[in-house]
Amino acid sequence: MSGDGAVVVAAVEAVADRIQAERDHLTDLDSAIGDADHGGNMARGWAEAAEAVADLADPDAQTAVKTAGKTVLSEVGGAAGPLYGGSLVFASQELEGGVTPETAVAFAETYLEKVQDRGDASVGAGTMVDALTPAVHTFKKSIETDELPPLEALTKAVAAAEAGVQFTVPIRASKGRASYLGWRSVGHQDPGATSTLYIMEELLAVAAGH
Amino acid sequence: MSGDGAVVVAAVEAVADRIQAERDHLTDLDSAIGDADHGGNMARGWAEAAEAVADLADPDAQTAVKTAGKTVLSEVGGAAGPLYGGSLVFASQELEGGVTPETAVAFAETYLEKVQDRGDASVGAGTMVDALTPAVHTFKKSIETDELPPLEALTKAVAAAEAGVQFTVPIRASKGRASYLGWRSVGHQDPGATSTLYIMEELLAVAAGH
Amino acid sequence: MKKLINESDDVVDEMLDGMTAAYPDLRRLPDTQVLVRDDAPVAGKVGVVSGGGSGHEPTHGGYIGDGMLDGAAAGDVFSSPTADEFEALLDATDSGEGVLAVIKNYEGDVMNFETAIEMVEMEGTDVATVVVNDDVAVEDSLYTSGRRGVCGTILVHKAAGAKAAAGADLDEAQRVAQKVVDNTATMGMALTSCVTPEKGEATFDLPDDEIELGIGIHGEPGTERTDVMSADEITEELTEGVLDDLDLDEGQEVVTIVNGMGGTPLMELFVVNRKLQELIGDHGLETWDAWVGDYMTSLDMAGASITVCAVDDELKELLDAPADTPGLTVQ
Amino acid sequence: MKKLINESDDVVDEMLDGMTAAYPDLRRLPDTQVLVRDDAPVAGKVGVVSGGGSGHEPTHGGYIGDGMLDGAAAGDVFSSPTADEFEALLDATDSGEGVLAVIKNYEGDVMNFETAIEMVEMEGTDVATVVVNDDVAVEDSLYTSGRRGVCGTILVHKAAGAKAAAGADLDEAQRVAQKVVDNTATMGMALTSCVTPEKGEATFDLPDDEIELGIGIHGEPGTERTDVMSADEITEELTEGVLDDLDLDEGQEVVTIVNGMGGTPLMELFVVNRKLQELIGDHGLETWDAWVGDYMTSLDMAGASITVCAVDDELKELLDAPADTPGLTVQ
């Protein structure tokens, strides 16, 4: 297995474990403002994705990411399936030449674009976009302008995502099921932003370990 | 108003009051083994019957009885409507010549026959027939064989009806809704037998007062 | 218990007005709780009528229309119509060819209908009756007033209605109605009690971990109370009870009904139907048609009943004939 | 809370098998939760399809048949089907004339359908979409992801299905579907919460003396919680909400729907219909057709929604055209 592919497989497994551990917490967040299935949706999707990538024989990074995405897409349904899974599939094309700081930035940007495109949500709508946008912006600036080492750039991106999660609390949601609550959505942390942060934390942990 | 007609009107009013007073008790009896509406059925039917006979201008006994029966028939529905109301209408023909000890016996016999006929129930089925049969038998024997005064005959008939009511407790019902309970109907007093007893008690009280 | 009602005393009256407001082909006879086809009596046709307590919607008024009923009398909730309501019904649906009265076997229904029939017969209306008693939960013995009439009644309406629509005389309509009765059995169960508008609370107590088998459609307690079972186990209990009673030959064609009691969603009825069809196959029977829906309900009771009717060519033709009613359409 | 189910994970799978066991004209695509007409794709005809979470029965699979849908994908309870299920649905119903996808406006449904459409379009299938958003309870503003699609969807299926059955091309089918959407509004209320098979208890708490107005069909809380009201008062709240939104001219003809949420008996829906028709008259509108029944449910939730659709000659012809499906028959 090539180095990059192995990192992706390990990352998907780490995400699956983390999400499983946070399953009830994510469901609780979703029951306050949505339909109480985000924990279950994510846990099922990522567990299957981990199995699927583990079954691949020596995959390159692109194949591993695409397989994980396809599995999430076809397991999850709801809003999360296309957003998490479909965007992974689409963004995986940026990894065709392998994982470099440049392709990682392109991947992150494409992923965010696809999420925004599919979900028609901009920053401040109280969704996962609020976690993703500052993270992707920070990562891109760290690599391209500040020329930081990738691990340091990723660490800063995770901190930015964390700020994004906190940002979802005080604003009124205008996308996702939480939007039906109107002003009652103010004061609630978005489940999708939260799980997005967990995914990034695991990616960082695996990248740091390799 | 002829004397007989007035007695009937007074009796129907007395029955209406008595049933109203016993309404909850009758409903309780029916909820244990039936559908918990006997109190309501009887109260509604007799209240309307009392109004209807009160509206009659100087009725003879036959007209008053027939009017009461028709009202019960068209107000009550269920098993009670045809049994109490329909049988009164039918038996009223026996009073064409006015109320005498002889026509009273004929009336009682015809009433019982019609109830048995319509309900297809014999003695021991755990219904109002169990109260009516001993009462009618006793009344007939008292008048025709023992030649007792009518009031005394009626007093004995009421006591017989009372025994009939008690008789419904230990037997298994085989007619009416209680029959669906199978053996679970054993130990329960039949609501229709009970209301039949009340009706006879009021008839006696009114007859004694006139 | 909350309900979409105004005063409980008005619920039947307002329901009937709501039905005629929805279905212009229905007409309410003035000052009664009787609904008839707007064009009743239909010239040259035998009338087919039914009736009984309310709370079983779409039964009975919902089956009025071409190919089924000419009219139906609605009693108060769970309470037979009075004799004079039945009388008005029979009067309004007799075109001179006579009327077939389909009666569910409850003493109130039977006695009020009979009283009404005596009255209209004196005026020259021919009436034939059929008494439906498909509920196998009630053992038919010396001790009972016979089995109850439940969901199988709908098949009687359908077959007799089709026969009458095809121009049959009163005897023929009665014969096919009786044929359905003779070949139909039903058994039901409840997950919860129903709640009548008047009482506003459960008619019988059923703890959260128990169910009641062999219930009727008026909140009468069932024949057996057991622990909660799976849908497959429940379906097996009901189906075996019904098939035991019918005792059919291998290869017999049947119509099956999974009937919801009012509070159970269609999703669950389909789960029951899946197992029912498996059991029908296991018994060597053949399903000619499978109905799934709320046909004979018990207010908001959660639960279901299973009906099986053995069909021959004549019944198949009648059940397949066109019908156009609010509660059942066949084309 | 008791239900007629086996394992909660199996409920959709077993329901679908129970549906095909009841309706031989339905076929389940292997290894999917997709139902299609047995004869799909219908040569020369534009396909009309829909889909969404389960728990709304007879929606969606119950509307498959002549004159309505060619197929429908069933997600898990209250959860959108996945993109590949929608893909299988579109593949199986395209005869070469293209497919109209009727989508209720929930992000899951929209996004998974869109993902699937991108995929099948690459293989040469033409897909047109219409997004139904009839729920006026959700204010359509900067702050929301648009109004939800609820019971009005059934009218879209009916009109578009009839148009396709009459030989229209994809654009024409899409045009009439959109016309229904543009002229339809719905508002719903709950007396009780629904109970999902998985959770087994109420999705939201609703005390015995309160009701929820403006609810969706997935146990989402409503827009307003109030004290219990009478059926007439509730009907007025819903009807006024709907008519305010539509803002129709006097004399306009409409189709009305009183839709039960699953746990409310038909009797109560007729009580609501009575008042609804009174209000329609008070507003100077004319009811051309009134539907009463369970069309778009929310599992076992007690409650109802009211839909009004303004119709012109074209829509009347389409809504009146024959349809033969498990959940709706017009002849």
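Which chain is which? They are A, B, C and D, in the order written, and residues in each are numbered from 1.
We adopt the following convention: contacts are C-beta pairs under 8 Å (C-beta built on N, C-alpha and C of every residue); 3 or more make two chains touch, one makes a residue touch a chain.
According to UniProt, the chain labels map to these proteins: C, D = Dihydroxyacetone kinase subunit DhaK.
The shown structure was predicted, so the numbers you read here are calculated from the model rather than taken from an experiment.
Between chain A and chain C, the least number of touch steps comes to 2.
Setting chain D aside while the other chains stay in place, the touching chains form these groups: A | B, C.
Chain centres here are C-alpha means, and the one lying farthest from chain C is A. Chain centres here are Cα means. That of chain A falls 80 Å from that of chain B. Computed centre separation for the pair chain A/chain D is 33 angstrom, with centres defined by C-alpha atoms.
Between chain B and chain D the centroid-to-centroid distance comes to 56 Å (mean Cα coordinates, whole Å). Residue positions of chain A touching 2 or more other chains: there are none.
Viewed as a contact network, the protein chains form an open path, each link joining two chains that touch. Chain pairs that touch one another: A-D, B-C, C-D. The residues of chain B lying in touch with chain C in their complex are 35-37, 41, 73-83, 86, 118-120, 172-177, 179-182. Residue ranges of chain C in contact with chain B, taken from their complex: 75-76, 78-85, 107-108, 111-112, 114-115, 138-139, 142-145, 148, 199, 203, 216, 218-221, 223. Within the complex formed with chain C, the residues of chain D that make contact are 1-6, 11, 14-19, 21-23, 54-55, 57-58, 62, 191-192, 208, 211, 228, 230-232, 234, 258, 262-277, 287, 290-292, 294, 297, 299-300, 302-304, 322, 324, 326, 329-331.
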